[in-house]
Each structure stands twice: as structure tokens, then as C-alpha cells.
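Two complexes, one shared chain (subunit A), two partners (subunit B, subunit C).
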Partner chain A sequence: MATQSVIGTKNKKGQVFADPWHMMNEAPRTPCFFTGSEVIKEAIRRANVDVMIAYPITPQSEAAALIGELFAEGYIGDYFRGESEFAVMGQCAGAAFGGARVFTTTAGPGTMRAMENFPMWAGARLPIQMIVTCRGINSPLSIQPDTLEISYLMNTGMLVWHAESAQDFYDWMLKGFMVTEEPDVHLPLALCCDGFFVTHTKDMVNLTPVDMCLPPYDPYRAPVPCMDMECPPVRMMRDPFVMKSNYISYATHASWQQEIWAAAERSRKHTIAWLDGLIEVENPDADVLLVASGTAVSQGREAKVLLEEEGIEVGIVKIKVLRPWPHEEIREATKNAKHIIVPEFNVTGWLAKEIRATIPNSERVTGPRVCGGMTMPPEIIVEHIKGALGIKVAAMAGRGS
Partner chain B sequence: MSLERIKIAPEMFDIMPPEYQDLVQKATYGNESRGWKDIGTSKELIEEHSLCAGCPESMAFRYILASLPNPEDTVMVGSTGCTSLVFPHVGIHNIHSLFGNQNAIASGLKRALTVRFPGRVKDVVVLAGDGATVDIGLDMTLQAWFRQEKFTTICFDNELYANTGGQESGLMQKGFVAKMAPIGKHFEKVRLPEIARESGCHYVVNCTVSKPNLIEKVVKNAIYIAREIGPTYLQLYTPCILEIGKNSMEGLQEMRDAEKPTERFAYREYISEPAKELIAEMTAKEKERKAALKKQLAGQNA
Partner chain C sequence: MTVQYKVLPGPEHYLPPSAASMGIRLPDPGQGHINGRIVPEEEAMEAAARQFLMAKVPTIFPGPLVLWAWNEKAAKKATAIRHLYETIKECITPSQKPMLIPMPDYRPKYPKIDPEVEINPNHPNLTIWHNKIDACMFVGVHCHQANLSLKIIRGGTNCYTIAMCAQAGHEDAMLSFRDATADKIMRLAEWVRKLKGSVQPSEN
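Moving on, here comes the complex of A and B:
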């Protein structure tokens, strides 16, 4: 167990363990023109990760392989390819139970295959970080961007964040470790982005210094014992309640589940500090408010420009954090809006449903949706907003409306 | 783990649970020659258990836990089933996470412990039932062996799903009538010991738990070989007396019947060449140590 601070000392690659707040907020940044996958690699280079476990699935394969290069360079303690996402998430759990800082990536069908693991991660209070590069999960087979899998993750007990850009991704990965490893949080994080749109496009990203990295994870600050036989092996229970049908068993399980969600609630104060709020609001007094997460926000910004050219004022709410859900923030931001437009890259419209359940007068919420890998040209959002405002528009070619 | 770490501050001693006081005073931590003969004279790593009266699995647990060469630095990984009812009573760190993923958990765990404790021995031992090992978890069982993960896999083979009430499993004998095999199981017992050998295990044993000295030997071999060389596998017959219609006192006889030379649990062992060398080396060293001890004692008496 560490008895003094490691801040200022160096790791075996010669990187200085930096004060994370200084590293993320004050240290000089270098602009780089990188793909999203390369940005994931650069964040992990500075994250002092103990174990990364990889499995190929489009569109995260490139990122997962690039992290293998980091392992070969000595930046990561151990790295290997697992046999399936279900196994990989179990291997991640094993490494996290053993006190390691653990990172992995997955996408679409992989997320679904691994799903049984996620409530287990949360229940076991393992602060694993998982990048989800969302893609279609339906049959017929699709590898295209589609955010449906996020709606499944939102009920696992994991923290769920949705990055818009490669810059978000870079910063939030590093900040994510700081939030999830807080003793009063200690939960896994699904850091989601829209596959291809973020992973396979190049963007200018401001990187933190390469000779600085996060301090190592200290598993002895965890709220549950680390399974390394370095603390006394007390027998955990006299009478295991795992499958018992009695009041004590129910009460124990109920309070354990409530504690997981309470821990997610407690992550708010850390997340607000690190991410500068769970949502980002621009012009909330406009009658028309675009509320979105992920790259739908970027498309919304484009639509806003087009509409402003026609004299229609639009506000934007970018939802950064989906779990814990920014209930109060959304109620406050939407209180004056007459039309709440929620563009989404999925067939069910889970974000719109979530917002409807949060605010009064929920009939204000509507939104264009695309799915199955379709792009969302800003014109679709513009047309939808005009429709909501009662402005006649010509039907767009090919949309059958 | 340092033995210092489990010691109780004198001011706190009397308020600790008696089991823990016993663990500190009478457990066999730090004694590499610990074994099944300590049962009854030392504090066992398992207290009472919640298995059926006379369940051979409870014997297996006691022999295995008494035989671990390095319990103060051993982490066990279980799976869902009757074993998951026992692990909460066991005085070493153990992980239950999901049904069937035990070898995946152990792979990640062993690697994390290797990264975190370079130069130190941290043994990982998987202990799961036949449903977990061979049916739902077969992929992860085999893949861990293919990858040469350095831990021991122990399968408690009771030839059915006991905890859920006696359903057919892959290790069930052909023709056995069980739940979900209403007209009898139509395929042969899966030959996992042979598959283990072909999958890269360096030490494979198939036997019953009728003889504690044999269990001590195979458990120690399996752990030493896994520590130094690569994966090892023990398949132990722990019959579910409840589901095969036996009484509490009949478990031992059932195992003795099943280990006759022509029966399916006749003792079978495979050991790879490097593993053979390791065991021979360790046996020679042990002999030397004992001889030196004898000499020293003789010198003292002279």
C-alpha cells in the first residue's frame, strides 16, 4: 500500500506521474491531426493502464490493436486478445478484482454478447473503463453506426458517458479513470461514441504532454476488498444469502443494488468538476431547443447554422453524461423551450423517451431519427424543426414523407 | 500476504469473532508442508458448510483447502452451483462472478497479480462444477489452456447439474435418465481429461476424492506445475448422492466403486516432460532437506 504520494516520480517509461488536475487543465497542449482510434491510443499512453484485453470487432478493432503497440512499447502491464467479448469482459473483471487499472473496447454485437458482465462489474464495484464504439446490433448484419446499444447499457449500473468528438474522447478517457476510481464511486464506465463518425475520421485534437501520465490506481482505496490476499481473508458470511429465500437475503440484495445506484449518484460531484457539468447549454432561451448526445450534437450545430440563416433561433443542449442521468439540469435547461428536438441515431428513440420522462409537458419532445448506419444530414433536422414550427417544406427526395 | 497482516492487535483480540482468532492462532499459513493430516489439529480454511449431509464435495473442499501449498498467497475462483454455496465460508479470497466464466476471470486475475507483484508467488486456483467447466464455460476453459495461462483448473465432476436439481450435463454418463434427458442421455461422457492434454495442460488427473493423501499429492503437483510451467487440470468425482439416490453415508462407497480399474474414475494421469522434470527436481530437493534435517537431529542427539 502506498504510504506517500507518487506525484512527481517517474514510471518505467520515464513519464512523470502528474497531478491529474494539473495535467488535464493546466499543462500545455499540443494540437495533433488524428483519427479517433489514434486518439484512444494516445489517451491510453498517458493513462498508466495495468491490463488491457482486446477482441476484434468493427469499428473498434483498430484502436484495440493500436493499444497492443503501446503494450509492445512497454506502456501497459499486460495485453492479450481474448476469445470473445463475453470472455474478455470476464478477463477484465478478473484483472480488476486483482487490483489492476483495466481498460477495454467493444462495439455493437460485442456489447450485447458481453452484456451479462456489466451488471456484474457494477455489482462487484469494479472501476473498469470500456470504450463503446457504437454500431448496429440488428440482423441482417450491419457494421454501421447506430446507438441502440447505449440504451441497454443505461440499466446496468455502469456510468455511461457519450462523447461527441475525438477531443471529448481524449479528455474523458483520462478524466474517466479519475471519476470511476473515487472511493465513493468505484463503478465501471461505458464511454460511448458513434462508431466510424468518431473512430475513423480525422480531427484536430489537443493532447496533454506525452511525458506526463496519470498516477497509478490504488486498489486499497476501493470500497470493497481487493482479491489479492494482501488483506485479511475473513470469511465473508456465516450463512451465504446468495440463493436464500428469506427477508435478510432480499434486504441485503436490495440494499446492495441501491448502493450501486447511490454510488452513481455520488459520481455527479466528481463528474461535474472534471467535465464542467453533465450537460452543456447554448442559448436556452430560444423557443426551439435541440437536445442530443454524441455526433447528433454536431449535426444539430450544423442545422442551427442553416436555420439561423433563415432567421430561426435555435438553442442546443449537449448531454455528455447519460448515467447518472442529468435530471435537474435538463429540466432547468428546457423550462422555456416550446419545441424540444431530439435527433438520434437509433430506431427506438431512447433519448427522447428518457427526456419525456424527465420534463413537464413532454409533448414538446419530438425528433428525427435515423438508424442502420444512415447519416443524419442537417437538412433532416432543419426540415423537422420547420415542421414542428408549422412552416411548410417540400418533401425531401427519397425519404417518402 | 505477510503473516503479520492477519495478526490481531492485542487490544482488539477479545472482540474478534472466534473463527478469526482461531485462524490467526491455529491456521497453517506459511507452512509449505501443510496437508490433509492437519485436519482436526489445526484451524481449517473452511468452517461449517451448507452442502447436504455426507456430500463428497464437502470432503473434496476440506482436502483441497488443507493441501494448498501457499494459502496466504492463493486466490480461488469459483462459479455458480453447489460450490458457490461453500465459498462464502472459505477463509481465503475467492471470486464468484458469473456462471461459466471462471477461467476467464482467473486469466485476468493471474495476469493482474503478476503485473502487480513481480517476483512474488501468487497462486490462482479455479474450482467449479462440471456444468460450469464443460458446458457453459467450455470455450473459456479451453482457451485459457490454449493460451498457457498459469493457473490450476479443478472440476468437481458430479456428472449432472446438482444445484438446479439434477439436469443432464456433458459429463453425465450415456444413457443416464435425468431431468432434461427424459429418455436417457444420448451421447457419451465428454472426454475432458483427454481434451485437456491436447489443449496444452501440463498435468491432468482424473480420479475420485476417496483418498485424502492422493488429493493432497495431485493438488500440490497441479499448483506447483501451474506456477512454474503452465495450465493444469484435475477432474474429481464428487458424486451428488441426492440425485443418484444414495444415502448420506454412501458417498465414499460410491466413489470407491467408481474408481475400480475398469470404471470411469479409475486413476488416470498425464504429465508433460517439463512438468515431470519439475516434480523430480522438487522431490529431490525435498529429500535433501529431510536428510539434512535428520542429520541435524542426529547431531543434536549425539
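Moving on, here comes the complex of A and C:
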């Protein structure tokens, strides 16, 4: 029942149940040259997952299939394909209600199709981990990277993290279970990355020892009974508050919603410890600050190098965690910046909007943005920054310029 | 946030905010919190004992995790809770009326709860109001349900809330312990006995 009791013992594959802090921060690492999808597989190999439920949708299909291999090898308790993304997320809920550590992957239209389940997961306090390999969601369909779906996830009550690299992805998957399964948090996690850029490119990733794995999930520490058809949260679904029109029902439902977001607030303490902060800041005293999440951070780093060659100093803020939103950290990091540049891979600019709502003098915040699978060459960011600084530049791709 | 939010007895608001959303953080091991302020656990012990001795109707609300002997720890905690209740009874004046009211489950009770025999997380204020409870302690209640109750109580009643939590504590209570064990509950009983006679019952 208590996870501590199994530390040092072995699972059926001969992996030692390791102290998670030691495994992630002190144990030796082995560098490997892997695709992001392969990295997802290797993290799950060490995550002691009870149930993984899969459904194919690009660009997460490869990772889901690779995890099927792990099932065949005996590393996962159960693995099957659902009938659709909606079905998968409902089945994930069922497994989590039963006290299992549950993992799944999805992307783009799959995320949108399953959307109804995500506030249900959060409301039911189910610590399911879902990998979201972001891609286009609108017609005409595109399988290429686009982060619009993250903006929909940000108000579901789930924790939302946005990985920049395969290394982030590997570490955060394992650390994610540790944060979400804390009894004062116990919420689902949408761990997002930019599809293809992370999933289908190879990178050097330092892996933890293959003979170590996380200790099992302990459902007896959950803030709700793990499975009881007569009690909330299950009872709420067959006899929900919406069926009762009275003040008490409304007040309970309101208080319930507040508790979900309170749990997300409580995750700050654990996330800061495991991820070493909700944001990373480099050179915050620069007049120009690039603030981004996901692979837009990488492009920002490239732009920073190009600008510094021309004597233009740039700082970088990497936002790792989108929910809970790091408002205090962002206010502090941006307090001296004259220009806050937020490069994004989506049409609405949801990250720039969040930042504008967070800081004073929000007119400091501007693009650039691409969408629909377009890449964002660092020169685009350079051009935008020079424009903000009043430096005349030739248009990069404009006809007749 | 310029003004530090304090978790105080209500009635606070039609819909009070969760304390976590107001910047209140949970204690670390060895600590407790009082009104949202992190304190050494022993300070919280003394403050909780004083609340029991001051209250007109000091009440313990044991939840499902300690009402049934589903493991050895639960049985030990239940024994300790009974001991705490008996200690409170011994240490107060005849004008005070201690109560031990269970929260046996979390189902919404329709058409109406019997507030003399139980409390329910969906409408805990009914039990508080009916019995005129002015200080209470939650123990053995699943954390989500405890937070739900604590916030509703803060919103609609003037009851002082204490949480004896087996996990990370409850910032929605006015006073919270974390990592509760039978020994910790027994220590609280010792504090009640130690302060017997030195705390006057409230006249409000």
C-alpha cells in the first residue's frame, strides 16, 4: 500500500523500484541518439505504467505503437486500442478510477474529439498522463506542427506542460507521474510537445538506467475513493448536481470546481522542485526578451545567436509549465524588458495573450507567429525584433520587396 | 498579491475562494498552519487544543478512512480519536457540549440529511448550524471531500475548522496538521489535558 515499502525490490522485469529523486537526479545517465517517439517508449519502460490505451493519429501513432512493443515485452500491465480518441479517454478514466497508473497519447483532432473527457478527468481527480504531440486541427486538415490545441487544454483543469526537446520530454514524463500523483495535486497532466519537430527528429538524450523504474502508483493516497459507484466522483456522474436545482447543489458544484483549480495551484510546489522552476530565464536584464514555450524556444535561441553577432543583446524566458500559469515568475522575469517577443506556432497567439494579461504595460508584447505547419526560421524572429527596435530590414519573402 | 489572505472563521462570502487560489501554501513535514500561516507543528497542537477547550460545542468529524477497520493503522487512529474525544469531555466545563459526528460517506443526502447523526461534505453547514458547532476537527476524510466541506463551512458558518490530515494538510481549514498518525492524535489529546483549566470557554 505504501510506495516506500517497495523501494529497492524488483518488478517482474528485474527493474529495481528506485527512489524517484535518486533515479532522476543522481543515477548515472546514458546518452542515446533517439527520435522523440523512441524517447517516449524509453520513458514508459521506466515508468511502471499499469495501463496504456492507444488510438492511431499522426504524429503520435509511432510512439503508441512502440509502447505496444513494451507491452509485448512485459513492461506494461495492460495495453489495447480504443475505438476512437473519445473512447480511449473514457477507458483511461475507467482504469484510473480503478486505481491504475494510466498513460495515453494523442494529437490534434484526436485531442479535440476527446475534449469532453478532460474536464471530467480533472473533476474526478484522476492523475492520468496524456502526451499531446501537437499538430493542426482545422480544415483543411494538416498533420504538421501547430500548437492551437494547447489553448483548449488550458481551461480543462488539467496540468499542462510544454516540452522544448526530447530530453525535456523524457525527464518530464517520469517526473510528471511524481507531481500528478501527489495527494494534494492528483490531477491529469497534458504533457505537450510540437509534433514532428520533437517526435520525428533524432536527438541526443540522456537516459536513466534501464534497470531502474518508478515505484508503483499508490491509489490509497488519492484524495477521492479510488472506485465506489455510490460515492463521488463516480456517483456525481450518474446522479450529477445538474439534476438538482437548488442552492446546495450549486454551491457544492462551485466549491468542487474551485478545488480542482486549487489542486493545480498546489502542484506549483512539487513542480518547482522536480522541474527546477516553472520557467527558465537567461539574461533577464536585456531590453529585448524572447518569451516562448515548446520548440519556439529553440528557434528563439538560434535568433539570439544571430542577433548577438550584430551586437543586439537578447534574453530568453522558457515557459515550461502553462497550467498552473507562472504569473509571478513571468512578471518578475519581464519587469525590465522594453520589448517582449513571443514567437508562436499557432494562429491565435494564445501565449502572447496570456502574457499580456499577466504583466503591466502589455503593449510591450508582440509576435511573430506562424501556423498550419509552417516552420519558423530564426531569421523571422530576428526580423521581428529588428522591426520592434526600429531597425530597417528587407522583407524576407515578400514579392516585390 | 499585496494583502496576505487569512483563512478565518466565516461566514466569509456567498462563494469564498479556495485558500490555495489566494496564495496559501501547505505546510512541509513537521509543520502545521494556522490561518494560512506556516507554524511549527507543536504550535499548531497547542492552538488546536485551545480551540477545543474554548468552544461551546467542540466536535470531531471522523470520516470513512477511520470509521472502518480496513487496516491496522485505521483501527489505531479510530482508537486515538475516541481517546481524544473522551479527553475533551473530561477537560471541559459542564456548559460545553462535545460531539462526535461521523461523515460515513460522501453521497449527497436527499431529500434531507439528519444533522444530528451525520455530516455530509456537500452540505456540511446544515450539521454545523443545527448543532451550533463552533469548533470542529476533520479526520479520516478523503482530501478532496475535506476541502469541499471546509470551504463551504468557511463560507456559511462561523465555525473554527481544524484538519488532522494523513496526507499534505488542508489550507482551507483554519488550522491544519499533516501526516496524521494515531500517535499525533494522542499528542493532541495530551495537549488538551495539559491546558485543562487554563483556557476559559468562549462567551460568544
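Note that the second predicted complex is superposed on the first by the 378 of 401 C-alpha atoms of A that agree within 3 Å, B and C clash if a C-alpha of one lies under 4 Å from a C-alpha of the other, contacts with A are read in each partner's own complex, and residues count from 1 in each chain.
As a working rule, a residue touches a chain if its C-beta (ideal position, glycine included) is under 8 Å from a C-beta of that chain, and two chains touch if they have at least 3 such contacts.
Since the model is a prediction, treat every value here as computed from it, not as a measurement.
Visitor: Of subunit B and subunit C, which one touches more of subunit A's residues?
Guide: For subunit A, the partner with the higher number of touched residues is B.
Visitor: Looking at A:363 after the superposition, I want to know if it touches subunit B, subunit C, both of them or none. Which is it: first, second, both, neither?
Guide: neither
Visitor: Examine A:92 and indicate which partner it touches, taking first as subunit B and second as subunit C; both and neither are also allowed.
Guide: A:92: touches subunit B, not subunit C.
Visitor: Have a look at where A:230 lands relative to subunit B and subunit C in the superposition and call it first, second, both or neither.
Guide: After superposition on chain A, A:230 lies in contact with both partners, subunit B and subunit C.
Visitor: With the two structures laid over each other on chain A, which partner does A:309 touch: subunit B (first), subunit C (second), both, or neither?
Guide: Neither subunit B nor subunit C is touched by A:309.
Visitor: With the two complexes superposed on chain A, say which partner A:117 touches: subunit B (first), subunit C (second), both, or neither.
Guide: first
Visitor: Where on subunit A do the contacts from subunit B and from subunit C line up?
Guide: Subunit A residues touching both partners: 225, 230-232, 235, 239.
Visitor: Can you list the subunit C residues touching subunit A in their complex?
Guide: Of all residues in subunit C, those touching subunit A are 15, 17-21, 25-26, 64, 71, 105-108, 110, 121-123, 142-145, 147-148, 151-152, 155, 167-169, 171-172.
Visitor: Over in the complex, which subunit A residues touch subunit C? Could you list them?
Guide: Result: residues 1, 125, 182-184, 186, 221-225, 230-232, 235, 239, 241, 244, 248-249, 251-252, 254-256, 258-259, 261-263, 265-266, 269 of subunit A touch subunit C.
Visitor: Touching subunit A in the complex: which residues of subunit B?
Guide: Those in contact with subunit A are residues 1, 5-6, 19-20, 47, 50, 72-75, 77, 84-85, 87-98, 101, 104-117, 122, 139-140, 143, 147.
Visitor: Write out the stretch or stretches of subunit A touching subunit B in their complex.
Guide: Result: residues 50-51, 53, 77-78, 80, 82-84, 86-88, 90-100, 102, 116-117, 120, 124, 225, 227-240, 242-243 of subunit A touch subunit B.
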